[in-house]
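Both complexes below contain subunit A, partnered by subunit B and then by subunit C.
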Partner chain A sequence: MNPIYVARSSEVAARMLGGETMIMSARDSTLFSLNETASAIWQAADGHTPLSEIVARTVCAEYDVETEEALQHAEELVRELASRGILRISDQPFTEQAQ
Partner chain B sequence: MDSQTDLREAVKRNLVADVARSFGQVRLKVTGTSMLPSVWPGDILTVSKRSAAELLPGQIVLCFRNQEFVAHRLTGKIGDRLITRGDSLDHDDSPFREDEILGQVVFVLRDGRRIDPSPSWWHSAACWILRRSELSVRLLLAVRRLWANKELRDPHSLPIQTAVTVAEQPEIII
Partner chain C sequence: MSLMQEISSRALTLGVPLSVHLDLTYRCNEHCIHCYLDHEDHGEMNTAEIKDVLDQLAAAGVFFLVFSGGEIFLRTDLFELIEYARSLMFCVKLKTNGSMIGDKEADCLSRLHLSCVQASIYSHRAEVHDEITKLPGSLERSIAGIRRLRDRGVKVIITNVLMQRNLGDYAGVKTLAQQLGAEYTIDPTITPKMSGDRSTMQLGIGSEDLKSVFRNSELVGKVSEFCAPPPAIDQAVLDEIPCSAGHTACYVSPYGDVYPCVQFPLPSGNLRKQKFLEIWRHSTEMNEVRSIRARDLPICSTCLHVGACTRCPGLAYMEGNMRGRSLADCEKSYARTGISADESTHEDFPIAVD
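== the complex of A and B ==
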């Protein structure tokens, strides 16, 4: 399977509240609220770390979950966030540094 | 409201201000009645960033002070301070400083229609009545509710999955 790279969109404003991340899209002012696990993935989405590595480091290291299952959920999550325009996904590392 | 809810609301308000300042445009859903008859509960305001010098009396401006939003009509300027007032209110707000201005309400979205918030003769007449009678405000809201055949103040949110919660535009009381 090809690696997936994820990068935070530059067209959002985000603030942390405890483990939760609240994100507002500048495109349509929609508000998103990410739970602790999703926040960890969001924070690590630097554009050049593969999603599998992010999941291993942030999810599998913290929770008792199979890597395969965690990665599947993470992929669903990042595709959902990408469809909402607040995250970008690619099968290649992003050339520019995520903000 | 508990302190966690208060904190979440404060974070949401700051995000709105962040987006308005950094990206120049933001959308908000209204829940208050101070701008009747121009702006109704449930309306969505589109706000574009403007400097105080660009704003003109008659325009609706969005201000952010002490963690609260005010979207009221600009009535004048005193030095570098802006004087605003809600259309259905009988008193001005405390003057706003330039750094408290987020922008101008450029249009209002109501039931999918784009509304120009500029004042008109009928608007001035309606304001005159609303400022003098709380009953007229209630009557207007009741008529609107009947006409629209729906509850105006219902917040709308759409949970997608446990990891992500998505809501429409954040709400402000004006």
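== the complex of A and C ==
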């Protein structure tokens, strides 16, 4: 399976608040709140670290969860966030640095 | 509870300043008759100082950032500051009169993914708008600026401050907003000047006109909800905080002065001398504002409007007592519900919406 690379969109505003992340989409002013796990993935989405490595480092190391299951959930999450314009996903590393 | 309410509630619990209004300058190319500012430059923070403030605000957890003035486009470093703020992931809103937004400015703004740009329009008629701004041609230029932003997909909100001079024109401004693809909002609040000069107050609309505005569904939405009688007074109502000023929001002037709110000129510290979090957490003034609950307001706590009043503690402060009444808001409550603040201290509850 091809690796997935994720990068935070430069079109959003975001801030941590009490372990969760508030995100406002500039596209349609929709407000989102990411829980702790999703926030950890968001924070690590630098555009050049594969999602599998992010999950291993941020989710599996912190929670008692199987790698395959965690990766499956993380993929669902990043695809959902990508559909909302919050994250970008690619099968190649992004060339520019995520913010 | 909406997500925004949940976030505000969490910020309140954690003592996080969720929103900051930062005036970049008090200088302005317009000289509006109702403006509360002194337009002289008494030593604005420079680019490096503002960037440092932005770093501190981001570290403090500020999410919603308003850049306002004065006219912000008079700052030659405006785009550098917006870009820097966006690099820190703030949700940035700009307040401007729009008159200095040419194609180049609009192109830049469209790339910065702002939350929105809020522009003041007083009338759809140049003779009325320009008389208020005291700048001939200002309506034409503001509309051109707004149109450039809308052409590039930037969200624009037109704010229509209502005064006696332009009260008859709100329908025209609303239609203009629709034609431009902008949102429209009214603001019937005229405030005293920050110096304490109250001469601007006489420009505002009176009770009868406020009543008509508040019963106009095109302006306020569902009138029965907007003008609903206030809830019964119970412990929860008396435990309410008056507003977000000093709790989850504050104001920073172009000179680095920190106040609880742009409408609450209580000097609480200065960012040229102290760190933001030191002021936010430890200033005597902020903590005094923060300590006040509805039950601590000697007059308002006995008023039947207390559970629904939009009382502004800043306006009350400017009237002489931050725990006192804000007469402008008493008038608004009266205009909404049809019951005067004086009557409302009676034990009966004879509220009847007209």
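By our rule, the second predicted complex is superposed on the first by the 99 of 99 C-alpha atoms of A that agree within 3 Å, B and C clash if a C-alpha of one lies under 4 Å from a C-alpha of the other, contacts with A are read in each partner's own complex, and residues count from 1 in each chain.
Everything that follows uses one rule, which is that a contact is a pair of C-beta atoms (placed from the backbone, for glycine too) under 8 Å apart; a residue touches a chain by one contact, two chains touch by 3 or more.
Every value quoted in this text rests on a predicted model; they were computed, and no experiment measured them.
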For the three-chain model obtained by superposing on subunit A, do subunit B and subunit C clash or fit? clash
What is the contact status of A:17 with respect to subunit B (first) and subunit C (second): first, second, both, or neither? both
Should A:38 be classified as contacting the first partner (subunit B), the second (subunit C), both, or neither? first
See if subunit A has more residues touched by subunit B or by subunit C, and give me that chain. B
Taking the superposition on A as described, I'd like to know which of subunit B and subunit C A:29 touches: first, second, both or neither. both
Which subunit A residues lie in the overlap of the subunit B contact set and the subunit C contact set? 11, 13-15, 17, 22, 24, 26, 29, 31-33
Write out the stretch or stretches of subunit B touching subunit A in their complex. 7-8, 11-12, 14-16, 18-19, 22-23, 25-28, 160-170
Residues of subunit A defined as touching subunit C within the complex: 10-18, 20, 22, 24, 26, 29, 31-33, 99
Over in the complex, which subunit A residues touch subunit B? Could you list them? 11, 13-15, 17, 22-24, 26, 28-35, 37-38, 73, 76-77, 80-81, 84
Which bits of subunit C are touching subunit A when the two form their complex? 3-4, 6-7, 10-11, 13-14, 16, 18, 58, 61-63, 86-87, 89-92, 113-116, 155
